[in-house]
Structures are given as structure tokens and as C-alpha cells.
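Going in written order, the chains are labelled A, B and C, and every chain counts its residues from 1.
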């Protein structure tokens, strides 16, 4: 190996520069990119982009590289090599999480005790926007959509899921611990929480 | 250039194989990965992972490659080369940093330096309610909830996210300039106030 | 000079002052979001550009901005019963300087961030997951239902009393100065404002000025000033003493 220029793979020239640009575009994209999209972004000719992709295909090939260029439906994208599949599996395998964040727990408690309940209601009670926390809980399958509030354009409401009951060891929501010191029924609990939130937020 | 094996950069051997694995991990990861995370996923030694990162750093360097390896937000990640910025700008939005107002930057600075910090604390420092600015920064993913203030009924506190460090190109928050080095000391300001008061009073 | 047409460029609002007031009155803009200091700075800059003291405009401006400030303060600190802690002037000055230093640092740090962002504008990286990455599955260990109840109990707990320690700058009532000036005017037909307020704290001087504007508005006095920063001469007009109803209540 020539130690003076060990990494100058692509000889100098316009297609090599284009190949570097295509490389850059693919490493930033979160979806496969078509030749036309690449050509428009690189402000170059689709035929030349195809040539550049050819160069990159040789460079980013199985066994040569951990990054592999792949042609899939919709265009071109990078993926991990098969050789690294096991390592990638370990990277994406999440250890079992021991607990929830304070934000997630508060939101989950509101949905469990007061559900079905909308995002604006959760935000009002917690005093902070609920969008990302709610989205996270939906993604994890702990809460799910459950119709909309009355009226036209009513906000989506959420309830807890069977997975929630399994995780918390409940046969049904009626087994939730009593909250008599806050309120006996959901209606009273809700009133109390909203009143406190108003005083806190003011 | 030897057309038969033009892209065999790294000679056969254990560290080269590890480098390919690290490459693969970085191309699929959603966030910067620390040496320990890489070592755990690759099931290898952290010191060897560092060596592999050294090799990759030479290969994926600005001007050599469209894919650039960088140390950011406490870990290692790929990004596009600066050479390809124009092409990237044509294809990708910059939703996180686009249109950050002066108010948003001030709030971000307060959270970065004083975080975790609550909305009332931010409002106290800036003299303006922080609700909408904070909500906007949460929405962009630059700050996130981080528990509540001590005591009962405390306000939600916020800290900056790894995305903040990544967007601002910081290896960690410790790269922020020391607060003592920016702005004036209270003593100086007080002296100025007193000087003004004396002139007025005279 | 038309105070209502004063052009503003604030965090939460851009446009003329009277539109801002209208939006606040229609509850389309939160007074808490309004940077009152920014309005004052804009007004002072405009005043400085003109190079002469427009008493009419100053009076109108003070009344409007005081009303806005009062509205904002009431919304931020609804607990009127709360005791205001007393601070010695020395301590108050200390506190004020400390707060200004803190804010100045935040501004400097923000400027640093802005510059940094500018420098990083050619750095692009992927924000979402990789196109062909494996899906992440998050699993949660068994949880105690009691944690849910505890979280709701915390949310139901009364918030701590809001600290009013930063409202240390107390304004003397305008009525105090109205009485004082009326007493002076009952003895003398003309006096210089400067002679009456010399040596007073700045806050008191400001409130005294406000009282003077009110006397002028109600037609009790006329005001004369030879030039910018020249002494303000106060002249009694007639014996009429209308019922005081204006801003004294709020001061």
C-alpha cells in the first residue's frame, strides 16, 4: 500500500468530485434517493450521477467495506454490511428499561386515571406541552388513540393499552391504586388537578 | 491505479475488520456513538476501537471523502463533507436551526449554561415570559424536560439535548466558553449604575 | 410625536404601539410575553432622535406603559396578599446589578451561539434514522402501579408561594406627590420641579414627574422648559381642583 496517498481512492477529476457529493448526500438522507433527486441536488447530469454511483458501488461493496451501497425501491441508500449484522443487532437491541422518565410517568398517570384524555388536556394539567411525550408513549405501545373530543375538529383522545396493564401488573384499570386524598372519582381528580395547574401556571 | 482492487484500503487483519464493523455501526446509527457504545456493539476492546476510529478518521476526512467522521456530542458520527454543503442544502431542510430568533438563542444559552433550569427561572433572567420560546425549542429537539424543581409542585426543568451539541458542533457542553469570560461582572455594572446615578443627582 | 404610532420590534410583536395595545386588550397577545423594557428603549430612542422634550408625548407614553406594566405584573403575580419583602436601598442596588449582569451574560452567550451556528451552516448530518437501519424495540421492565398514584399526587400538590423578592423596587403613590405639589402651589404661584425633587431617589423623581403631568392634564398647572434638560418651571393656572381618578390608584 502506498503510504503517501493511502486514501486517494478516486483519481482527480470531475466524476470523482461528483462521487464525493453523492456519497455526502446519501449519508445525510433518511430515505433512499433516486438518480434524479441526486442529480438535482448535485446540480449535475443524471448520466454522470449513474457513473458516480457505479464508482461508489465498487467502493462500498460487501467484504470491502462496512458501508454498503444498495439499490432498493425508490433509489439508492447506504446500509451496514452483512459482516457487521451481528454488531448492528447489538446496537439496536435496547436493554430492558428499568423505569420511565418523570414526564412519561406523569403523562401515563393522567391517561390511566382520567382517560380517554386529549393532548391539550394533558398539557394543561402538566403545565407543559405534551406532544413529544405522548408521541413517545404511543410509539412504545403504552397508550393509543381512542376517538376524538366532541364537536367538529375535536382533539384526538388517548387511553392506556393492554400492554400498559401488563407492564403495571393490572388486570384492569379498576385495579389502579385509590387516590381518595386527591378525589374519589375521575371527575373530582380532574377538577383538582386542573385547579392546581392553573394556580401553578399563573 | 490498480483497477482489480482499487478500494482495498485497509490491509487484512483484525483491526481492519473492526474498522469495517465500526463504519457499519456509524452509518446506521441515529446519534453519535461513544467509544464504549461502539466497543459493546462490536464486542471488542475500547482501545482497539480507538485505533479503528483513528484509521477511519484518516479515511473519512474533509476533502478526501464526501463522508466525514467527526467527534461531536460526546461520540463519533458521520456527516457530509463541507464541500458538499451546497448540494445538501438543495435537498435537505435545516428544520432545527432555521429561523432561531434572538429570544430562542438567549433561552438556549440560559438552558445550556444553567440547566437544568425551569421556565420561571428563564423568565426571571430574561424579563419576559418564556412559555412559547421554550415550547419552540422543545419542538425542535434542542432542549428537553429534565424532571421538576425540588419540593412539591415544582416547575418542570429543561436541559439541552445531544442534538443541541450536534447542531452547534460541540464535543460537549464543556466546550462552551466560560461564563466568567463573557459579559460583565455584577461589580462593574454596579459601578456604572452608580456613576450614572451620581451624574444625574448632581 | 404620535406615541401610538411608535414602531416596535420585539420578541413577541412587531408593529405600531397602538396595535400592540389593541391585541393585548383583545387578549390576543399575552401581556406576559411583552417586553416592556424594549418598548421603553424604543420610545427613548425616538425621543432622542427628535432632540426636544415632547411633554404631551411623554405623558401619554408613561400612562400607557404604566398601565401595561401593571397588567403584566398582575398577571405574573396574581397573589396580591403576598407580603413584599423590604430591602435596604443598598441591597436593592446590589440585587439589580446582579440581575443585570446575569442577563448581560445570557445575551453574550447567545451571541456566541449565534456566531457558532453561522460557522456550522455548512455541516450537514442525518436527523432521522438511517434508511435501511433495523427497527429499535424498547422494552420496559415491570412497573409498580403505586408510581402512577404518586405522580398524580405530586401534580395535585399545591404549588409553593411565588417569590416576590424581585419586586423590591416600590413605587411611592402618585397621590403623595399630587398633595405635595398642591400644597406648594397654594403658597407659591411658580416653582421649579428640580428644586422640589433634588436629592430624592430616582424612582421618587419619576413618580413626581408623573404627578406633574397629571396636574397639567387636569388643567391645574402649566409647564415651561427653556430647552432640553433645562429646569422645568411649574405655574399654577386656577383654583379648579377636579376629582382625582386617574392613575394614582394604580401607582
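As a convention for this text, contacts are C-beta pairs under 8 Å (C-beta built on N, C-alpha and C of every residue); 3 or more make two chains touch, one makes a residue touch a chain.
Keep in mind the model is a prediction, meaning the values are calculated, not measured.
*Asks:* Based on mean C-alpha positions, which chain is nearest the centroid of every protein C-alpha shown?
*Replies:* Of the chains present, the most centrally placed is B.
*Asks:* Centre to centre, using CA atoms, which chain is the farthest one from chain C?
*Replies:* Relative to chain C, the chain whose C-alpha centre sits farthest away is A.
*Asks:* Compute the distance, rounded to whole Å, between the mean C-alpha positions of chain B and chain C.
*Replies:* Distance between chain centres, rounded to whole Å: 35 Å.
*Asks:* What is the distance in Å between the mean C-alpha positions of chain A and chain C?
*Replies:* Distance between chain centres: 43 Å.
*Asks:* Taking each chain's centre as the mean of its CA atoms, how far is chain A from chain B in angstrom?
*Replies:* Those two chain centres are 19 Å apart.
*Asks:* So which stretches of chain B touch two or more other chains?
*Replies:* Answer for chain B, listing residues that touch two or more other chains: 27-29, 78-80, 84, 88, 92, 148, 153.
*Asks:* Mind pulling the chain C residues that touch 2 or more other chains?
*Replies:* 124-130, 132-134, 154, 157-159
*Asks:* Any idea which chain A residues touch chain B in the complex?
*Replies:* Touch residues, chain A against chain B: 1, 6-9, 11, 17, 19-25, 27-29, 33, 37, 40-43, 58-59, 61, 64-67, 78-81, 83-84, 86-88, 90-92, 101-103, 126-129, 131-133, 196, 200.
*Asks:* Under the definition above, what is the set of chain C residues touching chain B in their complex?
*Replies:* Interface residues on chain C, with respect to chain B: 11-12, 30, 32-35, 37, 76, 93-94, 96-114, 116-117, 119-130, 132-134, 154, 157-160, 166, 199, 202.
*Asks:* Any idea which chain C residues touch chain A in the complex?
*Replies:* These residues of chain C touch chain A: 75, 78, 124-149, 151-159.
*Asks:* Which of the residues in chain B come into contact with chain C in the complex?
*Replies:* Interface residues on the chain B side: 27-30, 77-80, 82, 84-85, 88-89, 92, 94-97, 100-103, 105-106, 108-110, 112-113, 123-129, 131-133, 148, 151-154, 166-169, 176-177, 179, 182-190, 193-194, 197, 200-201.
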